[in-house]
Amino acid sequence: MTTTLTEAPPPLSPTAPERTPPRRRGRLTPYWLLLPGILWLVLFFLLPMVYQASTSVQTGSLEQGYEVTWHFATYWDALSAYAPQFLRSVVYAAAATVLCLLLGYPLAYLIAFRAGRWRNLIMVLVIAPFFTSFLIRTLAWKTILADGGPLVGALNTLHVLDVTGWLGWTAGDRVLATPLAVVCGLTYNFLPFMVLPLYTSLERIDPRLHEASGDLYARPSTTFRKVTFPLSMPGVVSGTLLTFIPATGDYVNADLLGSTDTRMVGNVIQTQFLRVLDYPTAAALSFILMAAILLMVTVYIRRSGTEDLV
Amino acid sequence: MALLTWLKRHLVVLAGLLTLGYLLLPNVIVTVFSFNQPKGRFNYEWQHFSADAWKDPCGVADLCGSLALSLQIAFWATLGATVLGTMIAFALVRYRFRARGAISSLLFLPMAMPEVVMAASLLTLFLNMGARLGFWTVLIAHIMFCLSFVVTAVKARVMSMDPRLEQAAQDLYAGPFQTFLRVTLPIAAPGIAAGALLAFALSFDDFIITNFNAGSAVTFPMFVWGSAQRGTPVQINVIGTAMFVVAVLLVLASMALGRRRTRRKA
Amino acid sequence: MNTTHTAPAVRQTGGDVRLSGISKTYGSFTAVHPLDLTVPRGSFFALLGASGCGKTTTLRMIAGLEEPTTGTVSLGDQDVTRLPPYKRPVNTVFQSYALFPHLDIFENVAFGLRRRGIKGVKKQVEEMLDLVQLGEQARKKPHQLSGGQQQRVAVARALINHPRVLLLDEPLGALDLKLRRQMQLELKRIQTEVGITFVHVTHDQEEAMTMADTVAVMNGGRVEQLGAPADLYENPRTTFVANFLGTSNFIEAEVGSHRGDDLLLDACGDRLVLPRARCGAPAAVGTKVLAGVRPEKISLAHADDAGAVPGDRNRLTGTIAEASFTGVATQYVLDSPACPRFSVYVQNVDRDTRLVPGAEVVAHWSPAHTFGLDAAQDAGAGAEETA
């Protein structure tokens, strides 16, 4: 126990000498350490939220200026006008998150338990793409999914596009500019954010637990279900959050790989803010998105029972 | 039958390698297309091999200027976020104080917030303040969203540090400042370095928040975004490939160096 | 040894560690009750007790790592209570050593000298590393050394500063048994060689008795008894000390009468003699006392040979409940009306084959080996905590 962790206890014994000047120069130290960083977050994270909240209930125009009129109707108008985009954001992000989990788990498992001396190299290969700007890499998907390209051709021959077309994920013999392309891009972009936390929690599992489980008559699949997966839950939870949250607000993939029919709420906010200059509507949309995400995240964290994420 | 058993045993490995392929495929494309000689303005279809872009990576107007601006912003944002974040991490691990829960939540929120929300609200603030958008507004925003990531990285390292090491330093005649300089800081250094590296990567590659708050300044991601509308020069593939290769080489070199050092000392 | 490097702020006079009325409370929990303790100069002093007894807190208050709630700490005639650890001429060998992982062995040992701005540390460090037989390892990092080597580095790193007092916090706790025995002798040798006062905290009673000149047994934040190891072992003043140091049998008895310098006790029909000087409890006729005796002081005779036991011995009849052969000795547990689990250790000189479970026996010992304690305390205190 360090002295800094305990409050100065009052002298209980009656024989306590009268001079007990505590040697605690460090009382204010934590506040000085916290002050600059926390002030930064208050000024440039919290305060903007307040401004945004106030902007969302203002009316007026660019020319005449805006005024707070508590015009809550903006929220209702924004919601009803852009409900499809909201829905699309949640559906695309959820699909991308599930795909990331399905694709990322084997990779994380491979690095944690099966890679042996290749472990470091594979880790480098997972992280290294980060150093090529994600926009450049997303543009590369335009080439990969190009109309008439080898991949689309193969999918067409195998009649996969007929199935996806029937499901509404693709249109005709195109993949580009369809929901499938957007989800594919989202999955690609956020996959490392799933793999890394999964790997961290898998790596902590003692491989002897697998042997113990096998020794106690569990088949490999049972071992996975009853031992490995439950122990990797912290990684699953933080991985899904790190994937789902940014995916919901993303507009880059929808813009580069999608079409006007795949616009997500991020696209709307961006357009309203930077092109249409309808600040109240943009602020209201952004606020709804934030509230929805915070709500979903809170419920999810409560449900999965992992409270300490930071 | 034997093949089936083999497949079953190595299913995880195969699936993992497929995912790895999925992750690396775009980088392969980026590299290959850095040697393309496209027809028209867009570099999406393979035409002829050409090393022209590699010979003249700055041959496109504003490209290298935007790269320099991005590096500059990433440098200062990393410095700012690392200093502020390290201070917070130490306070959180080493001291008990009021409002601890509130501060933890405040640190978690930027990580749990879609970028577009932070981008839009920051722009609202800057517009209301009448601030001129540009280098400084981007820097402020980058320090803000990198801060929490640095705190997380440094905190993990400081938490795993044995408090007795600092007590031993004090016992051996090191005052508080000397203890911090000679023991605490060197031991926390890997965590601080990890946080700084993360901050650099996040800042350098950020697009959404930058796009909202940059005004007329153009960072490298913004240049790429703009070129996606106007026409993509081969040079952006050259720069993307070069950065990938440099990063991999740097990591491999540091790994080899570390391995040789431990072998020599053992 | 070169002792010219006296640490700052203290003159070389007196020579004791003196604790006057120091105590430590955390909130409502009292880790150390007000305590007075004097450690003579140049002695090897052990604080012995189970975990949580306050021994480490006491040590940390001497080091300056913990601030006493009340009382003062003096080194010689200087009050150091308010001095921070880095201004005290005291050095510590930490539990699990706390070697700086980012510095090599040489720099670890040189750390204290460098902080005090001493020039030409190279020669001193090399000498010190030779003293602990680690001259070859100077450029290795701590994690490349074995546990025993790390332990020696920790000792060297503290000793090179020529502290007034060297504090050792469970320094051998992380080592295996054989290495621990070896290091005990090693530490004792170093202490004799450098002549510095050692204060050693341990939960291992054998370690404390092997190494220390004086042992203070602590329990529940208080010192139960203080003395030379043999004195503590032979004359424990509480059941805790009697049980924590070795094993003791306790027989509930009542003072029947006085005879000269002896007390005559009644214990369920058996009569025991206890020298009055060895009774630490009120001895008026009719008071209850616990009569204690160590298992190895006792001899065992088969009931058939009861007549051959000399008449001046204390004796106890019973049946053998358990017998376990340990090599050098055989440990018996007797079932006796006066004491339900009575331990006897018999050296394997001539083994009596009749002494098997179920046999009727007489246990007998010299009255001079009996000690008397206050019956108000728990006879089992400290027994299960022995390491």
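Order of writing sets the chain letters: A, B and C. Residues in each chain are counted from 1.
One rule holds in what follows: contacts are C-beta pairs under 8 Å (C-beta built on N, C-alpha and C of every residue); 3 or more make two chains touch, one makes a residue touch a chain.
The model shown is predicted, which means the values in this text are computed figures rather than measured ones.
Asker: Would you mind checking which chain's C-alpha centre is most distant from the centre of subunit A?
Answerer: Relative to subunit A, the chain whose C-alpha centre sits farthest away is C.
Asker: Could you tell me which two chains share the largest number of C-beta contact pairs?
Answerer: Ranked by contacting C-beta pairs, first place goes to A-B.
Asker: Averaged over CA atoms, how far is the centre of subunit A from the centre of subunit B? Could you give it in whole Å?
Answerer: 16
Asker: Using mean CA coordinates as chain centres, what's the subunit B-subunit C distance in Å?
Answerer: 56
Asker: Which subunit C residues sit where two or more other chains touch them?
Answerer: Only 65, 84 qualify.
Asker: Mark out which residues of subunit A touch at least two other chains, giving numbers and ranges.
Answerer: 7
Asker: For subunit B, which residues are in contact with subunit A within the complex?
Answerer: Residues 12-13, 15-20, 22-27, 29-30, 33, 44-45, 84-85, 87-88, 90-91, 94-97, 103-104, 106-118, 120-125, 127-128, 140-141, 143-144, 147-148, 151-152, 155, 163, 201, 204-205, 207-208, 211-212, 220-221, 224-225, 228, 232, 236-237, 240-241, 243-244, 246-248, 251-252, 255 of subunit B touch subunit A in their complex.
Asker: Over in the complex, which subunit B residues touch subunit C? Could you list them?
Answerer: That would be residues 162, 164-165, 167-175, 178-179, 182-183, 186-187, 189, 265-266 of subunit B.
Asker: Would you mind writing out the residues of subunit C in touch with subunit B in their complex?
Answerer: 7, 63-65, 84-87, 90-92, 94-96, 98-102, 111-112, 115-116, 139-141, 144, 157-158, 161
Asker: If we count contacts the way the header does, which residues on subunit A are in touch with subunit B in the complex?
Answerer: Against subunit B, the touching part of subunit A is residues 2, 4-5, 7, 26, 29-31, 33-34, 36-38, 40-42, 44-49, 51-52, 55, 103-104, 106-111, 114, 120, 122, 124-144, 146, 188, 191-192, 195, 241, 245-246, 248-252, 256, 266, 269-270, 273-274, 279, 282-283, 286-287, 289-290, 293-294, 297, 309-310.
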